[in-house]
Amino acid sequence: MSTGHAPVLRLVPRPAEAPPPAAALMEPAGLSDRYAAVRGHTEQLAAPLTEADQCVQSMPDASPTKWHRAHTSWFFETFLLRPHLEGYQPFDPLFAYLFNSYYEQAGPRHARVHRGLLTRPSAAAVGDYRAHVDAGMARLLAGGLAPEVAGLVELGLQHEQQHQELLITDLLHAFSFHPMKPALAPDWQEPPALGGRMLKPLEGGITRIGALETGFAFDNERPCHDVLVAPFRIADGLVTNAEWLEFIADGGYRQPLLWMSEGWGAAQAAGWQTPEYWQREADDAPWQLFTPGGLKPLDPAAPVRHVSWYEADAFARWRGKRLPTEAEWETAARREQLADAGRFVWEWTGCAYRPYPGFRTAEGAVGEYNGKFMINTMVLRGGSLATPPGHARLTYRNFFHPDKRWQFTGLRLAAEA
Amino acid sequence: MSTGHAPVLRLVPRPAEAPPPAAALMEPAGLSDRYAAVRGHTEQLAAPLTEADQCVQSMPDASPTKWHRAHTSWFFETFLLRPHLEGYQPFDPLFAYLFNSYYEQAGPRHARVHRGLLTRPSAAAVGDYRAHVDAGMARLLAGGLAPEVAGLVELGLQHEQQHQELLITDLLHAFSFHPMKPALAPDWQEPPALGGRMLKPLEGGITRIGALETGFAFDNERPCHDVLVAPFRIADGLVTNAEWLEFIADGGYRQPLLWMSEGWGAAQAAGWQTPEYWQREADDAPWQLFTPGGLKPLDPAAPVRHVSWYEADAFARWRGKRLPTEAEWETAARREQLADAGRFVWEWTGCAYRPYPGFRTAEGAVGEYNGKFMINTMVLRGGSLATPPGHARLTYRNFFHPDKRWQFTGLRLAAEA
Amino acid sequence: MSTGHAPVLRLVPRPAEAPPPAAALMEPAGLSDRYAAVRGHTEQLAAPLTEADQCVQSMPDASPTKWHRAHTSWFFETFLLRPHLEGYQPFDPLFAYLFNSYYEQAGPRHARVHRGLLTRPSAAAVGDYRAHVDAGMARLLAGGLAPEVAGLVELGLQHEQQHQELLITDLLHAFSFHPMKPALAPDWQEPPALGGRMLKPLEGGITRIGALETGFAFDNERPCHDVLVAPFRIADGLVTNAEWLEFIADGGYRQPLLWMSEGWGAAQAAGWQTPEYWQREADDAPWQLFTPGGLKPLDPAAPVRHVSWYEADAFARWRGKRLPTEAEWETAARREQLADAGRFVWEWTGCAYRPYPGFRTAEGAVGEYNGKFMINTMVLRGGSLATPPGHARLTYRNFFHPDKRWQFTGLRLAAEA
Amino acid sequence: MSTGHAPVLRLVPRPAEAPPPAAALMEPAGLSDRYAAVRGHTEQLAAPLTEADQCVQSMPDASPTKWHRAHTSWFFETFLLRPHLEGYQPFDPLFAYLFNSYYEQAGPRHARVHRGLLTRPSAAAVGDYRAHVDAGMARLLAGGLAPEVAGLVELGLQHEQQHQELLITDLLHAFSFHPMKPALAPDWQEPPALGGRMLKPLEGGITRIGALETGFAFDNERPCHDVLVAPFRIADGLVTNAEWLEFIADGGYRQPLLWMSEGWGAAQAAGWQTPEYWQREADDAPWQLFTPGGLKPLDPAAPVRHVSWYEADAFARWRGKRLPTEAEWETAARREQLADAGRFVWEWTGCAYRPYPGFRTAEGAVGEYNGKFMINTMVLRGGSLATPPGHARLTYRNFFHPDKRWQFTGLRLAAEA
């Protein structure tokens, strides 16, 4: 075969017996070692990619691999090296324009929709940029760091881990346009799922959610605060492909009454009849799923993924259930009731993404990190097969618009007690 | 002047000393009398309008007056007369197609964006339709009604009151395209505002919000449930035009950091530099506001209106404050702390419109009333100068998308204790 | 039936034995009488319409009846009364803004897409405006007119006749959105067609086309000039509905090779499967056509209408023929070879609408009449059932974009000799 | 500088004293030699480009370099090797899907807008494809060719030369999004212009235009036919940047009366204030032009380029002139009256792109070559600095939509005698 669909990504497999999310808090570790590990992982992901693979952008929501590599370096350069490392020489003054994502306070920037047009700098030049930043960071880390500077380093690493996941989902989206659906990582295997379909009851009461002030967390996870939760039930397992096939067979995509009005409109406009990345060769052929390992037979036992919030919400209604709230999810996770949490898919919740009571943004441009997206988006909890191990937390609040499907997104069911 | 900008609307003035919203619950009254009063009020609003005024539709969000008059009648015909009045003959079988708004279970319907193309039936024919339905309802109301049928009658009346407000806001929008900005009600006067700018502290604790099972309330106000509210402060008055002028003068519309990212995008795309319906003849001329009484000098002391949620949110951030939550608003309103609530503007809250815990939709098509819009919209509380007296309640949950400005929408500020 | 689909238009029937177009040149006549006749005809067309019928605008290409009535009056006021009638008092200074169509030199104007929002002035007020202009014109016409002023009066009348046709086609379009497809003129009858399918040969040579300098013609018909035409064949009759049904049955709407690339794109995007205004209740039900007389059984013998240039071009290719050029059409028409020309449909030609050699625009704003539309449009020749009798000429050049279908547009075939 | 703006293109400079276009007809040459030369030139153009440069697509109108390289090879494979070389094995069956441009008869194809997402096959794999096709063609050319097959080979070479020009213009467009405006060919120099501003008179009469049946020409250049041309005047030189600066200074981009109505709309919507690729750092800074050699000071004496038909038409009107017709241009070119023709820019004419009388498309899929684009486009004549030497002819008809600006397009003026 001449098209040369070579392996392109080295995904780290999630352990079959993952530690429950409650334990996934950041390990204390030497910051230099951690810096090297995280930065190295990005380069490992990108290493097998060609120059063109690293440049392509398949939609405005997605970014090129090369851009992810450069932008995460720009983050360290802008928020650590320029203000805190004496004598630091920026690698290229143009990069502040090219690789700023959305930080208004950090100056003007290249249009998001045109990121894929940046054939220059080359992937190798971005590699040089990364090395230049890494050298600067090594100097910075060698000295003693004030706590707030160390906190910014940790923020930069967490930020880079977020982009590691996006790098994978964005590339999967770009490759999905190819008629051959090339594999990102040919050896990649679907991990086995553990959870069942049973809804377990949990007691209600005043419960504390959100991140403590100690340890790393994004600003949107704070402040820790009390909420009153009514007794509820929540599934120990994620909704599976087998269940989704039942939903399809029962007309789930043809019954407007199951859907939010705008969700139904989105589904009709886009012609949704299955989750994203499902295909089959004929109406009576078996379903296939485009995975990081390429096209694979759809595994009925695996958790469904690449569903929008609209679909997740409609599915739950069809089952006479609902999505859990953030507080319910976090409560159940703390009690270790949620099998497979953080191992397959980010889980849509029923909660709009809004600030916690008392939410404060940081001073300066990093204050733009999360707060300005707290509208028209829905919260997801958990973590996915593309989330770097150790990145997610019990209190982690991911968020996407309710019509997005290119992330590894799924659901678990909940209900009143 | 030949264009004949005759009076077109008879708005009922809100009393200068309105009863606090806590007292605005529905009065028990003879249902027949109440039916006659509500239905008659709609016709009073429409009476001065020409055939063309009643037909026009200025955007997909808005509907023609004639359509409001017919749709509210269709509601009674569809949910009361057809199922519950023996021998009822529908006025015209076509009307079920023309005047269904969005009820999937009630069959196919005329496209929303084309409502303004319905020059037929005439306004007079719609009057005949209303009389036909009224005659049927008189027969129905003359007999004894089962409680659930009486509940549907009340729902129909509340529904019609909602459309009375929309009739006014939609017509104001249509008239705003006319270079002369014709008055809907030439004698209409801006009522005086009472509240100040002070934020008053309130205690927190577990508080019950939402509507009891007795008395009328929309499904989205139920079930009544407990929430935990932290101590907070809330303004006794609404934000005024004078304050908004300060916001403008301080660059409020030019500072992206004050805005949600999508709000900033919406503001730039639409070129917002003031609230909707503000204009002035030159940069140094005084501001005018398009009101139901036509173009009027902007009153600095009056509550600002026709602001989107995005603008309200940006304003609050500029002031170092925030919008109140639903629970805070309802708590403060019960304690009669909110001057001017319900008299000028619907007040944007910081809460996304989502179902209350345990929310249940009604059986049948009326179950589509509210639930399917609980995404991408934000809750407003209170009531406006266009809300029919007696319609709003303390527990009332209005909702619009965060970019909408054609309603009478404003804000009051809140903050942590 | 309560919707009251009353007669709304009084279309003047075209004589069954129409004079051939060669004879359709403007008759010399008293200008005052002619003014009265043309202006009166507009009012006759509008008389049966309701206030709402006159206000509605169904797409940006179309204009409300009321607007046509006012705009044609504005034309006389702007180009005749203001500059040439001493002491003339404009009826309302606002009208220069509201009823200017596209004349840049005549000042700013109301946005075309919002013409349907002008519920004010009323239809009656527009009637007053027309009477005011007519009184002024009576005074002007009572004096001796300089030839160039008389020419402007004639231009104003021809302009009004063009709008008489648009008034009908625009209203038909608006009514087509109504599920009942109300009749514009219930008594209207399809006239009988005379032509056949035979292609007659004509000799080539140098032939003169375009309008002489004497007599009225639009600027785009001049200058008269010589062109070299090769021998050709041209059909004596128009393509009929029966032939179009064959085209459909043979997959004409499913064969991209028959179509221009952009035509195929337009057809797919809009889902064209028949000409505009065709419908049937089921796949095996007979076709109906929405006519000025309402929905009628499709007459196989009648000339097809409401086809775009793209469809006409594809049909001709399917038949191994082509559309005639302007010069061919005009040559054949002068030789009285074209049956039914000017009686049913404007006939698409193969010629893009571009200026004749030596084309000159008039001085002043009337110079904007035709010239600035000479791009992306195709020429039509002849005249239609909605063209006022006596309006069209052999040299008349009508033009529309190749995707437009709401006019009475059809075709006749031609071929090389 | 780390971004590494290395040379990327090797443009063949046009000779300063180019042969007049009349002499630019195809030289008879050994077809194998010619095949090798043309194919080799494509690879020379692409050789300095990176993998990412070759993959990028900056708008739907443009295609990636890699795609141009593969598509031109697909053309030989599809129309020569598959039908005419016994035993030919297609390189990769998928390529028929990926690299078909618009030939409906050649089967389904990859969506045009997604060509830039094809990171696979690699540029090297496309090189292998080209070598495979070249080997097949060598075998085919070694045998005796029937005339119609030889004609298809020549068509394939002419087709490839067209794509050589597009490769350059498409890449220039992609690079224009980079803030550094990288040079395609750093050594590239603007050639000196020869023509003046004088309009020379030419006699009229019956003149023959179009290509003879002997020698290569595209189908759209035939049949050769007589047209009647009135006496006219035509400039010996092209309109220059200096003249365009006068146009700008005189408000050419602010005067709607100079423009076609749709041209004015396009100019306003896109914010045109200069030709494409002009920029300056401040309002009082000198103009720069993005050229194949990178950003250069704008040369006042050079012919203006990157202007749309709308701009060219407005400019001519501003000067009281017009664009020449195709027949005028071809007549003048045959008489060697047109300095600089074919050396700088394709010259917009006043003629819409429509078939010549008696135009016939070829049998089979190559019949889709030109005919289906003969609507909504305008003809250009001559040739540009990016046209491969020897490719253009006196009778050559290029065509683009009137709003396109990314090609090397300019104009010369004409007028009545």
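Order of writing sets the labels: A, B, C and D. Residues in every chain begin at 1.
The working rule: a contact is a pair of C-beta atoms (placed from the backbone, for glycine too) under 8 Å apart; a residue touches a chain by one contact, two chains touch by 3 or more.
Model, not experiment: these values are computed from the prediction.
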Higher-contact pair (C-beta pairs counted), A-D versus C-D: A-D
Chain B-chain D separation of Cα centroids, rounded to whole Å: 58
Inter-centroid spacing, chain D versus chain A (mean Cα positions, whole Å): 45
Distance from chain D to chain C - Cα centre to Cα centre, in angstrom: 38
Shared-contact residues (touching 2 or more other chains) in chain A: none
Chain pairs in mutual contact under the definition given at the outset: A-B, A-D, B-C, C-D
Sites on chain C touched by chain D in the complex: 102, 104-105, 206, 225-228, 230, 256-257, 259-264, 309-310, 313, 325, 350-352, 354-355, 357-358, 368, 372-376, 402, 416
Complex contacts: residues of chain B adjacent to chain C: 1-5, 50-56, 58, 91-92, 94, 97-98, 110, 114, 116-123, 125, 128-129, 174-175, 177-180, 182
